[in-house]
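Take this structure first; my questions come after.
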Amino acid sequence: MNFQSDNQSSIFPEIIEYLNDINKHSAPAYGADEFTLLAKNMLIDMFETDLQVMYVSSGTAANSIALSAISPPYGGILCSDNAHIGGDECGAPEFFTGGSKLIPLPSKDGLMLESEILKYLNSHGLHGIHEILPSAISLTQASELGTVYTPDHIKNITDIAKKHNLYSHMDGARFANACCYLDCKPADISWKSGIDILSLGTTKNGTMSCETILVFNKDIQADFERRQKRAGHLWSKNRYMAAQIIKWIENDRWINAANMANGFASNIKKILNKNKNIIIKYPVEINMVFAQIPITIQEKLKTNHVAFNPWYGDDNLTRFVASWDTKNNEIEKLEEIINNL
Amino acid sequence: MNFQSDNQSSIFPEIIEYLNDINKHSAPAYGADEFTLLAKNMLIDMFETDLQVMYVSSGTAANSIALSAISPPYGGILCSDNAHIGGDECGAPEFFTGGSKLIPLPSKDGLMLESEILKYLNSHGLHGIHEILPSAISLTQASELGTVYTPDHIKNITDIAKKHNLYSHMDGARFANACCYLDCKPADISWKSGIDILSLGTTKNGTMSCETILVFNKDIQADFERRQKRAGHLWSKNRYMAAQIIKWIENDRWINAANMANGFASNIKKILNKNKNIIIKYPVEINMVFAQIPITIQEKLKTNHVAFNPWYGDDNLTRFVASWDTKNNEIEKLEEIINNL
Amino acid sequence: MNFQSDNQSSIFPEIIEYLNDINKHSAPAYGADEFTLLAKNMLIDMFETDLQVMYVSSGTAANSIALSAISPPYGGILCSDNAHIGGDECGAPEFFTGGSKLIPLPSKDGLMLESEILKYLNSHGLHGIHEILPSAISLTQASELGTVYTPDHIKNITDIAKKHNLYSHMDGARFANACCYLDCKPADISWKSGIDILSLGTTKNGTMSCETILVFNKDIQADFERRQKRAGHLWSKNRYMAAQIIKWIENDRWINAANMANGFASNIKKILNKNKNIIIKYPVEINMVFAQIPITIQEKLKTNHVAFNPWYGDDNLTRFVASWDTKNNEIEKLEEIINNL
Amino acid sequence: MNFQSDNQSSIFPEIIEYLNDINKHSAPAYGADEFTLLAKNMLIDMFETDLQVMYVSSGTAANSIALSAISPPYGGILCSDNAHIGGDECGAPEFFTGGSKLIPLPSKDGLMLESEILKYLNSHGLHGIHEILPSAISLTQASELGTVYTPDHIKNITDIAKKHNLYSHMDGARFANACCYLDCKPADISWKSGIDILSLGTTKNGTMSCETILVFNKDIQADFERRQKRAGHLWSKNRYMAAQIIKWIENDRWINAANMANGFASNIKKILNKNKNIIIKYPVEINMVFAQIPITIQEKLKTNHVAFNPWYGDDNLTRFVASWDTKNNEIEKLEEIINNL
């Protein structure tokens, strides 16, 4: 039973079939092929708006290239104190932006708070140019703690951003899971809520290696591809990336997969909840369960081949992640183990 | 007939089959899986030495991350005036190194000359710390103009490098093609000839997206993975990368593919040579033919659906590239067209 | 009455006289002159150890160049949440290091706490190379809030640093004031307490433009001058910088000036303390007084031409800074005004 | 007899007097003082146009900060193959711009050629975004080889720049000497000839440490001061910098000093010319003489305490630089020595 991370999951078999289908002939490189065009059109349909799309090989790359286009080297990027860009990208945003400073703000269950954003922006600036220039806000949807911003919450934050001349970025590593939880359309929690640029993750949700940057705000499109190229993220055989997106979108495969993952997590939560010594730490809204589990129980779970991750904060805190290919019998076994504790 | 670039070619069907095989289960992320281990061991066998390996998504990334580990921000990197790192990577080496300066030196048919390297190193330094610190040499094997360094040539250059405290990097985007031409082992033109770090390309020769950095010199391995991570080139589902390498090496598939590509180019050269108005510009040693072709003939070729690329220098200069999946009938048709000019 | 900042103060008249003295002839550039040598020897005497010295034009430059030599681009620099490098240098440390991340830790009265440092270091690393590599600690002596580290406090922190393979940097913008408060020798709170590299400020204490980097730890001296040069901080006419240091050290001018500044601040504190509505916020240990002053009183002070600065935190918080050239009658007038409130 | 460099010269005594005059009181920091305002107004008068001015401590800083405002990280900066920014700044332009690439073009006597600029721009771009984006041209006035661009020459080049969407920068380390040679007004060879941004050097011509950036083109002024600050080049006691400019401009001191320096060089040229074995290599238009001198003669000169610098190219090439404070008797002695060879 592997509940360590959704980036350990396998990929949609339909993608591999399709890779085989499109492999008969040579095709123009660097995205000048027909599959790249088709994928773009499918993304435009999915998001109900024109957009620019770039493919990169990791969420870290997507976030960092996106941020480099909206924050100058002397800029500041407001984010949650749990943000992946702050703690899990080994300084990539600083690298790509040429030195922008991340401003981690206190959050609630991983979600940024309007009050904290305003507090920071209003107290900032006493020393003028000696301070960095706040330039962007980055929201993680769903958050690193498995919680979800509502469209209104996003709108409130991007409204503040606009008022203060900040761009709004969304780290959508688990965007699909958030859509599923909110039962909303992709547009509702992206450009319609004021997001200028989105890192749309698909790798955790069924593809092999396909993270994308979607640019909604046309003001920030200039020279974007040179940023991608000079970061080594311009694929020569881009059609094999586009192929993944095509099959990811086709037949609502993306939202169905997210639905399965979220459902499994919901089951995990219920199972863990049965044990009085286990405390669910955050609302379980997507495919992740954060649980405080006494060390003795953790040891027993490990002995029974239940794999999960420790998490920051205290020794008892753990993270269980389900994915689209979590197996029903994994869940059943977990239940059995918990019942027998 | 598409002779534009080997990065437009398709991928080994065996790779896609294998992707399917390994897709049954989840597996540890970030290279902690069994396939990544197997691929590493196969590379160790192939190169007959212990090594560190990292997977990245483009040759630009491989070169730039490699260079960032061997040149400080105030360093200089000597290279051919035709080097891909200088002209075709949109400043990626400067980006990754934090500002190192590329020093393009006059070359012969794309190959660096010992005399020019010595001339530069001996004339450098008059202004001490006002000048950059020469820190690395980067050789392209095979060169951008389709020519190949012999082991002795490489050894001579890396000897100079060592004497002057420079590291030696090799851009091996077409390393397999060079091995094929020289009929040598990979070790002969890499670490045995003094190369400290190699960008081993496979994408142009049968894989989907698999460029690797191989570190031979143990002095330069420290913190390498953090450089990879913060560039967004650490793959979560690394097993699908490793899988490509496994099938690329297996059964000498890599050298056989290079052999086919080189052979096709040899044929193209012979065909073009038949026309007295076409001049072959550089020795054809791998899978690329550079030919000066009068514009009128170029137009006729295009009318006949022969795709090739113009090249830097003058209007008549063109590049034809063959690949492992060039078709025999493409060569035959080209011959027919040239004969009928 | 100008109590806004010690960087508004004038410079020792002896320095200007000396500039005139050494201005008769040309002299070698870039520090190859006799005055630069003399200044270095005087610094060696003052610090009782061999050292490397570089002159730069601002404390921001001194701090940032120093940090760039001890933290890699993917490194982390622990500092107080009040540190000048964090809030008042517009991202300079990030710029010079190529992207290192500052880690602001909760402090007490501006001073770093061993407990918080240990807490961070012990909780760090759960995600391995996905996290930055803690590489340096930076202490501000005296702190931004006017408090002073004892030698033991520094030693405790640098011991932790060494244990975790971190270098120790000191931002000594007000180093002289701290020496004065502690009645100790410069060596006691620098290399003898484990500091590897020191930004020694003099501009706030009697010079015109003379900030220095002193390197004690010989491990970190390599290529340091190229870092200085490529930042545009290598002075051509360096003798006019060295001249300032010579006169700053000569006849204990530096410590006498700090003594005067500290004394004036002590007086300001006593004066403000007389008013029951004014609260002294932090211990007054050097030349700065942080006082909570009701807005109505602040207005009256301004009407009476008392200049001071608002400070971060709340509307009532203010900063008064004395300097070596604060005038006795400025203090007397302030007393008069406070008495008449 | 010291003819090594004009940056070894002393400073105008009037400047030191004035430093003393303005040293009576404290004054606002960071350029909010009355002297900074006066200096700016004097520069506006001198250049007959509105402008933005920043003070930095070296020409390297001035050039690099200026370039960072007009070239993106993925940009290219065209310059002479003799440019100071290319060979003598240890990669500072690459550092400040975040990785822009300098494009050194063949020049004539140090001066850029319209033909070479056009040749580069017209051959560039075959590989689209794989190549850097040409973004700026940087002219050195006077050139590193002591030659001077006429206003028409500048205009021709900046016209090409504008046509290709490039900004035009001038490295004016010896701008005064060029004005003197051309007998023109500062405006004639700067903004009136299409220069967008100028590094105006004064340190080699009578000041202590005062290099400035003058921004003429209002399009590029945004956030400029944050670039200065985060490079550590924002002076706290800026009035002592402004003071230098005030006295440098006052009473035409700047052009008179340049006139003296140029005149001395003219004399040196005549003296060296007397010896048939000495060849003057480039036109002597400002205060520098480049002469090919047989080694045996060089040795004799050194024995007679004549100090000069070797120069790049061949062993015989030397550089003699005069400055405003070169002494008449130094010239006379040189003549005597040459006559007695």
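Note that the chains take the letters A, B, C and D in the order they are written out, and that residue 1 is the start of every chain.
Please note the rule applied: a residue touches a chain if its C-beta (ideal position, glycine included) is under 8 Å from a C-beta of that chain, and two chains touch if they have at least 3 such contacts.
Owing to the predicted nature of the structure, the values given are computational and were not obtained by experimental measurement.
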Shared interface partners, meaning chains that touch subunit A and subunit D: B, C
Chain whose average C-alpha position is farthest from subunit A's own: D
Chain pair showing more contacts of the two, C-D and B-C: C-D
Euclidean distance of C-alpha centroids - subunit B vs subunit D, Å: 42
Whole-Å gap between the CA centroids of subunit C and subunit D: 34
Distance between chain centroids, defined by C-alpha means - subunit B, subunit C (Å): 50
Where subunit A touches two or more other chains at once, by residue number: 73-74, 89-91, 95, 98-99, 129-130, 132, 226, 229-230, 234
Touching residues (chain side subunit D, partner subunit A) in the complex: 72-74, 98-99, 129-130, 132-133, 223, 225-227, 229-230, 234
Of subunit B, residues touching subunit A in the complex: 2, 4-5, 7-11, 13, 16, 19-20, 23-29, 56-62, 64-65, 89-92, 95-96, 203-204, 208-209, 226, 229-237, 240-241, 323, 325
Residue ranges of subunit C touching subunit A (in the complex, touch as defined): 73-75, 87-91, 94-95, 98-102, 123, 126-127, 129-132, 310-312
